[in-house]
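In what comes next, chain A is part of two complexes: it sits with chain B in the first one and with chain C in the second one.
And now, the complex of A and B:
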């Protein structure tokens, strides 16, 4: 679980963080915080599906469910 | 009573001089949008009225009066002047929706320079082609976006100044960089505003076409006339309104109706600079008591998906007037908004090139859900035959939308591309590139684009630009890009690729290619799906048949395939 959180957080920082000075944590709002926009959410979803060999239905891939790393982990676990 | 009172009556006695008179403008006078949106409002006794209520990440709030807007735009104009920026130099605004973007826009115009707003999510390549075309002299940006500028700096000898508005002194400034803190700077009380004339260039917005590089749409200060009047009559802004335009000023809605329209009328507007979520949007409306809301179909459909329960948890009773722009607003969304908000979103149709609303629905006029509405008074519109470009008089017969040139906000040319500009006209009509028909009551109904440009979430994406960027990926041999239908965004980008020898199709590679495009161009341009193919369908002359791939995605008839290479 901790490992999964770390991997997802690292991916988010590497792929989506613009400002090197901004600290992104497990609870940082990603979608409502403007770090990951709605179009980029598709690539984040694809990353999770590829990495964890799961399929997340579109109706579950909501901005709310993707809003923090902690929430994403809950979502991924639902489909493992 | 709405500002327009009666659409039919306005049609009869319309003349653009109505707006000129209200703005105290006489032909030949100087006209400067920066002055009209700040100094003039202060002179009208509204200096202490709130102009901007801004909310950013982490609940940070800032409020500016019209006098604050006047002073800050003066200060920015003065700062740019001291850097050596001259009349008609292009100054790019490359920022999130922060207050500096709004004040900076007016400051650039006050100086007589040309504002070039660009969407801050653009990647370095998208940024470079647009700065290169405009030969931009200075860029105003934030720390978080400056790395994209640094990456392409060597290729831009014309870019003399990179102005960072939130420099904190952590890392040293680099070549050509300068810090500017708008709120902390000594405010300039008096700035000699450039005496720009009606035809003086004001704004350069970039838009994508099917082929070639993005085009810089040149607007002039006289655009104010139609932006002012359409805001007043269609958005119906009245003195005590609290207005929210959700568009980013990186796109034309965000400047025409997110800055110029409301502020030339002296209206208080709110800006929410956070990402989208139904919860945060409804909370914002409730907290700010928004009365007039101008948004986009993509956002409205996303709100529909979030359901009705969340609406019941908020007090949205302040809302009195709603409008939509960016792509056709489907009938279901209109009906839904009437049901849940008690008001229908009124669809408005226009584009970067038109500068202001062209076909629209009006307060008090019967709404036909799904229709684009009727031409704004003073706009001569028609549906044209696709071959002769003559008006079609038959009710319900599809054709090309055409507008008679001459309204104030019409683009004046494509920057350094007059040839392409001229191609936008046929038989005396300006062609926006969309197909529609007119019903028996004169309402226009959208059918589709007349080219391959992808409209995703109200933003145009050039398939050519994405295809070219795809070819820069080390694994991609050939590429074709088309629109794919999407419930929320109307269309999204889909790519078909063949791979170079030694590369294997995989989900991991697809993700790598997606991220490659996202960073290089923008999240909007990122293919939401990539399909690997052994070969792409081509004509005998070797041209990729996008048409066939498009038809496949939309479940349409393929049509004539006699020229296919493998036929």
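And now, the complex of A and C:
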């Protein structure tokens, strides 16, 4: 679990953080905080599906479910 | 009656939520032609106020140019008011094709197809030329119309960090196995006023065998030495595969847009782009006006040269006064205030002083990046800019933000 959290956080920072961004933590609101726009969320979904060999249905891949690293971990575990 | 009280209540609640979130958009009625000096009724019902407009896309001051108005009158007289048909039935006049040819020549491309707007061009182009075997890789700050167009297209999509060429290259490598790859970006970004790195992008597209798409709506007519757009500025004329642009900004400001680029891609749009197939094209009166605009711009660079000088004066004045600006050299000059309420208050005070400039805040721009977006025009004379600058300084002093850094402004007002 901790390992998964770390891996996802690392991907989020690498993929979405700009130099000016504040530190991103497990509870930083990504979508509602404007760090990840809903259109760019698709690369995160693709990363999770490839990395954990799962398929997340579109109706589960909501902005709410992707809003923090902690919530993403819960979502991924649902499909493992 | 199908429109029941329950449905009415539902919409009223949604509208209330928009209002409570401070996102309710209210129009301001202008009682004059679009120009540097305009007469505005705001709030609705109040007396009309003469103000200087520093927030329009009238970059070249051609929206009310007498020669353009005369050409539009002539077009109305000789080609009528409307077409009452889509292009491929009986909605194409000689002047529509004449405009397509002139745009092709102006932009230095192979062919052009007109659309009712650039919003429609962006909505239609991707679906017309891509399939589910392809990928669209877009800059994260592209215009909303491009995002809508990508959503309508079955190709996969991905994004890269704004103007970050290393990130773009990674994405091109990630999608190496796709049938077609299209790199998508704005020429000049409408909120920040920065220019795309088209030279680097063209190199990457060559290296990874990708198509390059640019929306030059905030560039056509004035960016580059002869105003051809960002591809001229970045010295990559002929290397952009797809350019979309609008006639609703610098090029007369009325309406209409186009896709210009590779011959086969334009032809695919003519066969398959739905906003082209299922909507009337640009009205003859507007076509006639845009033809005159292109004549004016092809004869002289006087207006874009004046715009460049005005922009340099404005940017220097604001910088010396101590405002925090976004870096850049285009006529889009964002004055950064960071806090949404501060941006709204500054906009209101400027209006009271006779300057019309609008505050932008989340979700139009990122959280904590609220601003007044100023846009300079060749229609501005020095007295307009001096008066506007005086007003900005007066308001800047009132809020004690002159000479302050980003962090100091955020410490004072929050973000």
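Some notes on this structure:
Just so it is clear, the second predicted complex is superposed on the first by the 78 of 80 C-alpha atoms of A that agree within 3 Å, B and C clash if a C-alpha of one lies under 4 Å from a C-alpha of the other, contacts with A are read in each partner's own complex, and residues count from 1 in each chain.
We take it that a residue touches a chain if its C-beta (ideal position, glycine included) is under 8 Å from a C-beta of that chain, and two chains touch if they have at least 3 such contacts.
The structure presented is a predicted model; accordingly, all values stated were derived computationally and were not measured.
Shared-chain residue A:40: touches chain B and chain C both. Touch criterion met: A:18 reaches chain B and chain C at once. In the superposed model, A:50 lies in contact with chain B only, and not with chain C.
Touch criterion met: A:31 reaches chain B, while chain C stays clear of it. Looking at the superposition, the partner that touches the larger set of chain A residues, chain B or chain C, turns out to be B. Residue contacts after overlaying the shared chain place A:3 against neither chain B nor chain C.
In the superposition on chain A, contact of A:67 is made with chain B only, not with chain C. Once the two complexes are overlaid on chain A, the chain A residues touched by chain B in the first and by chain C in the second are 18, 33-34, 37, 39-40, 42-43, 46.
Interface residues of chain B, counted against chain A in their complex, comprise 57, 96, 121, 143-145, 147, 168, 170, 273-280, 302, 305-306, 456-457, 507-508, 510-511, 514-515, 518, 523-524, 526, 528.
Taken together, the chain A residues at the contact with chain B in this complex read 15, 18-22, 29-40, 42-43, 46-47, 49-50, 62-64, 67.
Those residues of chain C that touch chain A in the complex are listed here as 140, 147, 150-151, 157-159, 161-162, 362-363, 366-367.
Remark: chain A residues 16, 18, 33-34, 37, 39-40, 42-43, 46 touch chain C in the complex.
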